[in-house]
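Below is the structure I would like to discuss, written out as structure tokens.
Note that the chains are named A, B, C, D, E and F in the order they appear, and that numbering of residues resets to 1 at the start of each chain.
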Amino acid sequence: MKRLLITGAGGGIGREARGALAPLAETLRLSDVVDLGEAGANEEIVTADIGDAAAVEALMEGVDGVVHLGGVSVEDAIDPILHANVRGVYNLYEAARMHGRRPRIIFASSNHAIGFHPVTERLDADSVPIADSLYGASKVWGEQIALIYWHKFGIESLRIRIGSVFPEPKDRRMLSTWMSYRDFFSLIRRAFMVPALGCPVVYGASDNSAGWWDNSKTGFLGWRPQDSADRWRAEKEDGAPPGDGEDPAVKYQGGGFAKAGIMRTPRTGGG
Amino acid sequence: MKRLLITGAGGGIGREARGALAPLAETLRLSDVVDLGEAGANEEIVTADIGDAAAVEALMEGVDGVVHLGGVSVEDAIDPILHANVRGVYNLYEAARMHGRRPRIIFASSNHAIGFHPVTERLDADSVPIADSLYGASKVWGEQIALIYWHKFGIESLRIRIGSVFPEPKDRRMLSTWMSYRDFFSLIRRAFMVPALGCPVVYGASDNSAGWWDNSKTGFLGWRPQDSADRWRAEKEDGAPPGDGEDPAVKYQGGGFAKAGIMRTPRTGGG
Amino acid sequence: MKRLLITGAGGGIGREARGALAPLAETLRLSDVVDLGEAGANEEIVTADIGDAAAVEALMEGVDGVVHLGGVSVEDAIDPILHANVRGVYNLYEAARMHGRRPRIIFASSNHAIGFHPVTERLDADSVPIADSLYGASKVWGEQIALIYWHKFGIESLRIRIGSVFPEPKDRRMLSTWMSYRDFFSLIRRAFMVPALGCPVVYGASDNSAGWWDNSKTGFLGWRPQDSADRWRAEKEDGAPPGDGEDPAVKYQGGGFAKAGIMRTPRTGGG
Amino acid sequence: MKRLLITGAGGGIGREARGALAPLAETLRLSDVVDLGEAGANEEIVTADIGDAAAVEALMEGVDGVVHLGGVSVEDAIDPILHANVRGVYNLYEAARMHGRRPRIIFASSNHAIGFHPVTERLDADSVPIADSLYGASKVWGEQIALIYWHKFGIESLRIRIGSVFPEPKDRRMLSTWMSYRDFFSLIRRAFMVPALGCPVVYGASDNSAGWWDNSKTGFLGWRPQDSADRWRAEKEDGAPPGDGEDPAVKYQGGGFAKAGIMRTPRTGGG
Amino acid sequence: MKRLLITGAGGGIGREARGALAPLAETLRLSDVVDLGEAGANEEIVTADIGDAAAVEALMEGVDGVVHLGGVSVEDAIDPILHANVRGVYNLYEAARMHGRRPRIIFASSNHAIGFHPVTERLDADSVPIADSLYGASKVWGEQIALIYWHKFGIESLRIRIGSVFPEPKDRRMLSTWMSYRDFFSLIRRAFMVPALGCPVVYGASDNSAGWWDNSKTGFLGWRPQDSADRWRAEKEDGAPPGDGEDPAVKYQGGGFAKAGIMRTPRTGGG
Amino acid sequence: MKRLLITGAGGGIGREARGALAPLAETLRLSDVVDLGEAGANEEIVTADIGDAAAVEALMEGVDGVVHLGGVSVEDAIDPILHANVRGVYNLYEAARMHGRRPRIIFASSNHAIGFHPVTERLDADSVPIADSLYGASKVWGEQIALIYWHKFGIESLRIRIGSVFPEPKDRRMLSTWMSYRDFFSLIRRAFMVPALGCPVVYGASDNSAGWWDNSKTGFLGWRPQDSADRWRAEKEDGAPPGDGEDPAVKYQGGGFAKAGIMRTPRTGGG
């Protein structure tokens, strides 16, 4: 690719993406609402609010690939969710249609789009969404926008229902949901490599023994995770009681998001 | 019920609902952004914008059942969709949680939430949503909000993916999607009658021979449509060529919505 | 048939069977632990305890069809359940193998074999059993005995998961589960008529709008119920509140059986 | 339509089709290898061997709809099957591509394409073919040719797996498979009426209680059979023993075809 | 755990369990009808007949985990099956409810609960039971008792449909069914480790290439077998003819149990 | 086995088979229409046209296993396809019935029997055939002939839908479809080893990350591919643009066969 746009480039995943995805394009265009520092070699830096349509249109100029990590990435009150995620993803696809070069788009959806499925259930790409939060509902919205632009305008997307992308699993739940940076970026690379992509759903998790998600329907991507949360299993389980299966944070795949109430006051900041 | 709230009471279906649903409650509270005229016996009239949280909270006071027909009911630009449908449905459920009497809620979703499934495919309650428009995506959002309030707070909803509720079918497509007023209101009555409702999806169509939707998974509602579009079949088909199966308006269940582009300028008005 | 054996002929259904099934065979052999009175024309009366192997062997002599209604028909303590239902059904099949004329057997299983499925779920012949009581577990056992004798010895059975066979629905739940005598006996007749029976499961309910069970996989029987609980719907629903969906008696298909605890003391009597 | 071609117009169904399908087109072109007598009003008569490519090309000139009933219609030796059915259906589609007006084609497939499914199994449009005879295998071939021309050239077909089209059911098996002429022709009419047809499978049977086939996946056709074999049920079942479930003619949907061996000598005649 | 009860501790698997499961609890309570010898460190030994309710109640006192291996473990006549397996498993769960500390229970079910599925069929956790013997039917009964106590009283169980747990595969069939001790005990450990267990079915087999069972629906357990029968494949297959596919011992997953008749005389001994 | 027949022994796979399958039988009988050179030790060489019934009958004399690689192996005009593949496979099975020793038959079917499924879809043994060519349709025919001889005469077959068997992948598509010789021959060995074979479908591909096919339903074969096209992935993908997803050669599993038209003139030669 000539130019790959990464939104949300200042976030935890975004900072790693800067290095990991550089080989995919001649130029990386990095964007966030926060300051991203100096542009490196083959980088362009653009500060933009994803909820601002005009800014997003400018951002998309001449782009032939997008990794959309921007927006609010945790539960929040309705206002920031609507601004950065609901309106934001619309802005992104509309800009791609008008100003991009029919780019493939990686949409960072979330396990919270399906977070009210119980942990004892196995999901695949045809499982119906059951959001566990306003954040989760905004991801379902984003998955739908991706589908609309695929069917109406032929823009291909990979919709990744991301588990937990961190350097290592932080708690017992992540023994099921954890995804290494390496596995995340290799998945993104596959989406730009396959001859035909379409608009599939894939679950973003490493090869964890206790995983909940079956990616076989998206096997044509040719992606196989290389890492596993199992390495931390003994450490996370030792001495920990098995838990109360009726606690929503234990019972549902969304964990704490499933248990939480509705936030009436926005966090400061957002995506 | 003591008090049943009907939003969007000034729309086409809403006006019919006023009479048809009166037997369900001691008092009907009717609401719309447009003027609804004089309140009749056992009626309360409240003018309110569903996108205005405070107004919706007031609206919900003392309500023990809701038929939510309000909001934008056709494709529109992003601003009215976000205001009346995305924010609107959130306002409604949040008000129900805070000010209602744990009301059952009938959510008027739409076939446009699944409009990019082809007409040659049969759908049921577990079919994944594939919206055909911003309007359709807002209905998927609303279906998710209903699920969130069911799982978090035990508020039950019936999510009706409405076909085409009109006095009679207007065109060939409605031979598959048409729903009579009688069938629509009898379905709503069932949702208030069943001992346990949960939060199921049901497709809103009469007993049309050429229908696309299978409601057997929601059979526990005990609803059987009494009318059929077949009565108008000869009239709508005679002399009409079978059509071009590659035309999106013919190929997809969403019909014209599937074919249309994205509206960049709002219609005047909206829901 | 020459000789049709009806066990449990003194029970509610059994007494009706005496008349309704007479046309199926030259001789009806009627049996129960309780006194059945005088034998009518073309009847033979045998008092026998289904839990007594020798008695059952004698009962089966020369039989070429069985309608097995005998045993305990409600929840009870473990002893009567083991005696009349667990041991009883074994006695019956073993006797059929040794002393019958390879009879087809109608096994009166029960909805309580699947009673812990929620009412919002639709079941069919491949739904896994989830018994709601010791009684229900004994019916699952009986269904397995039927399968064993089919696979090992070619004895065909119809396993009917009976809903509620009564003159009319008694309560709201029976709007879903009720089965008329007429429909029950017409189903039994079909089992003796079809060229090949095998060992299928069928749910025993009339054509109730609010039914939970899909018999299409057993469509080859050619059975169509003629009656419906709907006639009593208004009467059973009027004025009744919709109920608490978390109450096990409302939430699960088994109704009161699902809610009840374990009986440690036998009822007097039994089947 | 201007011109509808009916092949096999001299066979049992073909003779009925001549009258029943006349309203569908300005001109009926009737064809068979046998003499069809005088052309009536709005009829053209062409004698042609479906296995003769040149003859079939001539036959297709100017045609905008085809009902393909021609070919061998019972089990036969390999030579006539290859000539009239395997080569014949290829000739037909190739001629339609080269000389027709992109006609919709009704392909008379057969239940013998799935005849080795047991009678206790319910089939639908996604059931895999299991032919019961060379005849059945030739119908599977024909179904594949229809799919190839749909995917490569956009020629739409209805693939009807016909049960038993006769004036009335002739034996017990036909209580499951019988299809009235009226139902058969109304199905054909639907295939020419629907806006988008594609290339679906539908099972050709009337509304028989003991039917084996579920057409719900092809519900978009809007076809509902009006007749039923049930009217003859008592007559066909009375006094008949239920049969030996291990006899292939009883056990499998294909009946006698499933039981028969391989014919090494052709019948005289054929289609 | 403080105290883990192992029933059937004198059997083949039970003797191995004594060492392998010791790390799971401060105290192992070991029980069987046969003499178990001296108690080791951190062991308690109780001789008890599982069919004796009072003895089982005493056994359960203060237990917070159960591995139920007790009862008859092969086909037998109806009396020992009813005593040790049907009544036995009821005794166990009833005692757990009354006297235990809401223990998780590992129920040793068996492949003979599904033994009349053919070897060419792949099963998963939703496959319906088809017992191949009285023994198999008693395991289906036990699986139902586990479900009843889960739904009524919240007692969690793992229902393991055990293949063949031996030091190594003994015959060709075990190339599909074999499970190493190591894999069996690691599965048990997982059941005590997962935060929420519920009452799932899992098939007990090592990672055998020729296995019949798919455990993906129970993937949340995080169990991956480490051993494989493949190591013995050449040895078991060499020189052995492929076998007669119509022989029930070859055709069905239950092997010899599927082929055997009904035992009318008890083996001496039993569980 | 005493005598294993390999047809098409002069083709690319056939030449490799000569060495690889020698250990399976005392004598290999090798056959083709082309000259196969000198017979080696334990070999018999027979030149025969598979479309010639008498020649095939002679070929089958005394055979107790068949690997049928013969016939046309690429798209061709209707005449050679009918001769070598449609008639050819009939000749083979009919000869096996009449002159063989109830041999197991490996039928080399092809991915072109399912080639019009899109690459984004995952197939398994129950996926319906959708041929992409006349060649593909002839393979569907052959799969049906295998089923007929299994159901009527108990002749077991393995129907392998072969991907691309070559020394190494030749292009990007083969990253999904490639099968090594080693994996192909180990699969054939499994078919002769399993106790019961029946007539299953298996997809012939190595363990390619980007594969489209799920063989778990045929897991009882105990076959696990050892090779993978992944070794050549970088080489085949580097510098290659992802391709146009609407190009039939990219969109469908059949690749170039799906894109090609119908050949009206035979290639010289054929199988």
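By our rule, a contact is a pair of C-beta atoms (placed from the backbone, for glycine too) under 8 Å apart; a residue touches a chain by one contact, two chains touch by 3 or more.
All values reported here derive from a predicted model rather than from experimental measurement.
J.: When every step has to jump to a touching chain, what is the lowest number of steps that links chain B to chain F?
T.: Shortest path length, in steps: 2.
J.: Same or different: at the chain A/chain F interface, is the fraction of residue numbers used by both copies above or below half?
T.: Mostly different residues.
J.: Does A-B or C-D have the larger number of C-beta pairs in contact?
T.: Counting C-beta pairs in contact, A-B comes out ahead.
J.: Over half of the contact pairs shared by residue number: find the pair among C-D, A-B or A-F that meets that against C-E.
T.: The C-E interface is reproduced by A-B.
J.: I'd like the Å distance between the centres of chain B and chain C, where a centre is the mean of that chain's Cα atoms.
T.: Roughly 42 Å, centre to centre.
J.: Taking each chain's centre as its mean C-alpha position, how far apart are chain A and chain D in Å?
T.: 51
J.: Would you give the residues of chain E that are in contact with at least 2 other chains, written as numbers and ranges?
T.: none
J.: Connecting every touching chain pair, does the picture come out as line, ring, star, complete or other?
T.: Basically it's none of the tidy shapes, so other.
J.: Pairwise, which chains touch?
T.: So, checking each combination of chains, I get A-B, A-E, A-F, B-C, B-D, C-D, C-E, D-F, E-F as the touching pairs.
J.: Can you name the residues of chain A that touch chain E in the complex?
T.: Residues 118-120, 122, 172-173, 175-176, 208-212, 214, 230, 233, 237, 242-243, 245-246, 250-251 of chain A touch chain E in their complex.
J.: Provide the residue numbers of chain D that touch chain B in the complex, in ascending order.
T.: On the chain D side, the touching residues are 104, 154, 156, 192-198, 200, 216-217, 219-224.
J.: Given the complex with chain D, which residues does chain F contribute to the contact?
T.: Per the stated touch rule, the residues are 78, 82, 86-87, 90, 94, 97, 116, 126-134, 136-137, 140-141, 144-145, 147-148, 151-152, 248, 252, 258, 261-262.
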